[in-house]
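Which chain is which? They are A, B, C, D, E and F, in the order written, and residues in each are numbered from 1.
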């Protein structure tokens, strides 16, 4: 079977060519495709700094540095996966509900065809569109969220759809299984104790930054795997999980965050996870003068791809697509 | 009468103190106030780069460099004007119609009390809120717009309220007198000839960048004064009137623009203009690494203040506040 | 009693409003005030890079991201403290002795009224003005200094007042209790062994970066608490305590420094400390392209506020103001 | 006939999608194509700052702001031209002669098929590859060079191929008609009078910056048109023609340069020019913090496209492709 | 005679070597030296942004781009001048009177030996040290000042020595001949009409930016030459003469300024001027993200060197060194 | 004996003077010199981002912050070492084999005279020139390489000399003793398992980032000392060993890297190492907006100098210079 893969970097230097993710073919098909990278350039849901609409461009640009073989997981992505850059979902800047519908539409075409979508945000509000699309194919999923914020407020400025309310909406819409979901890395000043209790009240597990450090990285990875079990899982990675030293280019940075090594180690501990989708969000290039945030985000995607490749290498089954789309999506 | 003015810079160095505009008192009153600076930190109307919500902060910061006396117009602002920094209008990021209502509400309190508002944008969509407020006090006004774009599209991404449709909406709402209004400085690639003809079809006069250069700066100022006559006038200055060399920090920059000297000269040629309000918009600090855009924007406001002061120095009458607010505003 | 607190961020988005610290009221009173944030925009004491006069502006801007509740110390600042932004002390750039006097004057008004001052530097020379003011109210205090440099030289370029000599001057002026004081985090190339021995000769305890790492963060916090006992304490935080990766925007950066998590953890270990004043200094925005230094500095202040709030929550007594100002201050 | 054009910006916002030039289809065909944009990401020929290999990426990114209709030339590009983004020529960084061969190979495929190539540099050494390709199709061409340097040295550091020797090599290889060629905008400190005389000795006309200002922009455009006549012409635009205020992101900036308006006006005066190829070179994004250089470069390409479109609109003949490739190319 | 000149750029690429001005020998001698470049890294006199202490480093770095031959004045610097980089004057940051003495000391050694000093600032307060040194050798001199500010206040923050009072001090100390001196380019908001009248009251001629534009560049150059006559002249060039678009990296930028071409043209019109010293001041690298300010400053020095070389080429006499140092210097 | 050392910083502030390394004398002699800092401004070997030719300038500039005494190793550099800044090796940009010869020539003059060279890169390809020079004096040496990449490919883009092939070339040329050599810190996506196996196949020991973290920093230092034994050793430090948060300014950054404290600790564990040469490479200032990469690189050199000084302080013998240059170098 023909597979999609990047050009040979020893012939076409990595700084050449149109900036797709990892310089993969930009093809809008589901035929012969295992994974599709999709830009979600939407940022109207942001409540402080804006500009994450340029996140996909920056992550794609930085991804030129990635190479096919993961030396720690010992897997070559393209021996196991056919990957394309599907381009961007069409969005309507300034109009969040309309945009979430458009995102869900585009991604549902992928998920219903058995293609695993990897979203490049965009602010975290895009998660709702993504979850609608994976739920359309798999029913409610486990949500693994790396983040410094729980995003479970009910409303912001009197409105229900923002990057700070997206997880509550997802629970309300029945898109995730709270008892299989977990939020990791929370920290930073909040409005009140209810900000975090709300997530727990919704049924999610919540590991604060202090708890992560107290129990250790390996335990955290294990706990995530146990929490999820063999349920289809969506991994949502808010780049503000990392400390601003590592990821300055984001909309609501929180100090006291994690190093790149810590974040990558957590992901590397998730081998076997039954992933059906993933994203990295809140990359804001205008505040990323040296481009290190976008590079780190590209590597987060890379770790996700390596998890998918390792699962196939290890002979684990693909997660089944239900093929049944809940009404109203 | 007590008047509002900045602290003495020879005692309190200009880099000290809370960053209000020109370090003016931050007072939310209309009592004893001639002019109120108001931040309009809204940017959901932007169609390309976003982040103008931080424009007011940047302009205020840069305005610390301004001093009270204008050597070319030979006028001291504070001998003729009592000026405050009113703070920011409350806005709801992500929700344009709601925000325009809030802006109009805050500014109407000023205009109906005879205070001249000077808005610090924010993207150009805020103009609609401003014009509702001045029209509430004066009826429809003459609009003098320095800009590289006419902002007269009907819709964008299927929606009617954006920074590219604001002038058409203003005409439709009866907030401006097209036959007394003029757009100056248009240039740059457009979608089709209709982009500019639309403005003319609405009744506005339109001077392209090429026309401005052909007829000369002094003629342009004279033509503006003639067009406006003695009608109450609102001056809206989109910072992208200037070339990106002078104003890189903006959302939709257009090359081939004007120098700072050209822009200031045009404004200085408007002595006598019956101004009832003003703004400077589309300042986007995240793309302004050396802060020159914000400094230029602060100087544009300064020229407007000097025009107001010169008019009073010259004994010209204050423009009457009608005191009658049209329905629905 | 009426208390000072920020506006509600769910109604007034955090990016709106005049940039006071945490958007607190800018009020120059001591009435009903527990804590006053005071900008100390002075940088003539700096010996390498200059520009910390813009530090207060940058810290205030970044502090808009802070929220009232501290999830790890489980305390809401504004349930226990009434806080204002007092504005900046007037300084005379280029004239250090004059400026230190002005700083001491302004801050003494606060300390003598029982208000706890929190200074936003400015270079570290401002500490002398601050210590004069707290000593005026409490007599000599314990100094807790987080820093990569001891600042205990005798002179620099033949002059006695700079940011590198301030602690020696404070000891000489009898403003601090050396046997209750401690310097934490020292590192980096120095002129000779005497640079650090001088601090010890003055009676201060000194924990180098290597010692901090050897004994562990919790032990360091405990040692600080023991050293101070129940003496009134002033906490001075030089932002160059952190590694340049976390705090690039400073005047004399030293590599091999601490992470934000380490710094915040040390502060969180100080619950119960009898604080009577605090500062964060050496923030230099012109070298802070992504603003992460200012954000970290704002969080350092936040931790100090949380310590003060926690002490009140726990029913610990306010440290008594002596009301007697030593001569010559 | 099907034609290549960008997506509709009112449906797909300009900040979305893979970053091809103007978001044009990325197609590597000559079928149904009038003009092909080709990235030439090579910078080993640079003698001072390097990094122009990232020029094509930056120009493509900035070109998202361009729209189809040119209001001053009154022409819609896509009514007259089918345009694609052909991607980048493969180059071997560090190996100039090899890379020039690869560039000539790729571009010859285009020119021999009658497609007009527009190169995005890359340093100016790429011009030699481009000229080999156009000469392969048309024989020697007229060269119109906007530049602050003549690039006619014989060798640099003892080597013959660099961005400072490219025009001499082109004359030696018989790729250009010196008597039909002209260099415009020269200025800046040079090694000796021979630097400029060399160009004249080779038979080129040379207009220094002082001469351009003395005779006026319209005269310059006329003189270019007269010089070229109806010979096939290649327009090479070194972005350092502009002043560093307008184009800071370049390898050997020269102060005292031209404004964007001046540069665009010169190009707009060339309606009717028989263009067979074009480039914009020496864009160095790492020195372009606000992106204004790349935006200006994108607009230079846009003006070239508009000249081509206007020529077709006006019914002027396509320049004939000779179909005969000189030996050794 | 052996002469000092830079290494051959065709053998030693311009980006190599220790960063002296134009890569000239760093020699602290007056033997066989016509001109000495001297860094004056002092910035305690600045009243707004600080950091010009790093100006000399930045100007030296940018000067690597300069080459020996001036194509418009048709002169090779090193055929007529032996030039060294003398290094920096020792200064005491924070202590202005002390530093001005040290500057005058170092420079007097040069002027009394007949060497022409060219100072690289530093803030404008260094001018007083420079003028003391030239007056020591020549008696009072003509001052030609390109600037947006007259720098003739009496005091600032109650102190007499700052970058805003330096020209008044120079007149009071008898260092300049007011009736032979001229200030060119003034503009920007001021405190009152007295700010400019003060300069006229001191006897200086003053040409505002508006006047320069009204009479034209050539007339301005002629007027300067007439004003100076054959008196020894010191040319002081404050980089804020240029618009912030051209020179963002400065301490008190003023919009509405001059282009690089305008500034260089004015200087090129001064052939024959009897220069005995020169400086370029107020370059502040921390606000110069693309380095264009430093490059422009290096070119200003280059124009001064070319004027000196042209004067020798034309056989004009060297200005005599009086050899008599006024008392008290 | 006279020794070379920096000026006294208490008299000549650290921001003054020509930017040599640590402001050391710029002398091109081997007389009375123990260590010579040599810039190697070459970057044609780079395969992704370029511009490391400006690395030496940036490291020298940052090194002004260094002081003579190392508080953790308790040694004053200049009590034991006479150090000069030798300037830059002449290179031919764009021509790698030629440049490597020139580098080897210059450095051999030093090594054969018993002077220890410390190279400031430049891209990592310069290592080949350095190793030729040390091998000329000492025969093959032990290579200690801190790096995220092994640099042991055979060819890149069909060419044999790049920064990715340099170590293989060194082995082939017999310049290093593989069985005494070690690479530390490898990580990041690679092309295949062979990328790392190649280094092992060549006989080098290889410690990946994961292995370093698993065995601990002290064990790594011990293992290096054991591996080297008393063989002459060259320490090559690629700045991309550090995480991009600490060293953003580099050509091929890899996330998941080391902190500055970790890197410095590893170096401090190497007391006693028989160093005969050293470098720090791949510093790319154009991507280092706050200058922290260059500062860290300067400190890496500083640690190397301290190791050399400590070895002398401890009475360990100088490593013998063989005086015999292998043929063909």
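By our rule, a residue touches a chain if its C-beta (ideal position, glycine included) is under 8 Å from a C-beta of that chain, and two chains touch if they have at least 3 such contacts.
As the structure is a prediction and not an experimental result, all values here were calculated from the model.
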| item | value |
| --- | --- |
| Shared chain contacts [chain A and chain E, defined touch] | B, C, D, F |
| Pair sharing more residue contacts (C-beta pairs) when A-B is set against A-F | A-F |
| Rounded Å distance between chain C and chain D, as computed from the means of their C-alpha atoms | 57 |
| Chain C and chain E, separation of their C-alpha mean positions in angstrom | 41 |
| Junction residues of chain D - those touching two or more other chains | 11, 13, 15, 47, 49, 53-54, 92-93, 157-158, 243, 245, 259, 287, 289 |
| Category of the chain touch graph - line, ring, star, complete, other | other |
| Residues of chain B that touch chain C when the two form their complex | 11-13, 15-20, 26, 39, 41, 53-54, 57, 60-61, 85, 87-93, 289 |
| Footprint of chain F on chain A - complex, ascending | 9-11, 13-15, 64-72, 74, 76, 243, 245-246, 259-261, 264, 289-292, 295-296, 299, 302 |
| For the chain E and chain B complex, residues of the former touching the latter | 47-49, 155-158, 186-193, 195-196, 208-210, 213, 243-245, 248-249, 252-253, 255-257, 259, 287-289 |
| Chain A-touching residues of chain B, taken from the complex the two chains share | 43-47, 49-51, 53-54, 92-96, 98, 157-159, 161-162, 286-287 |
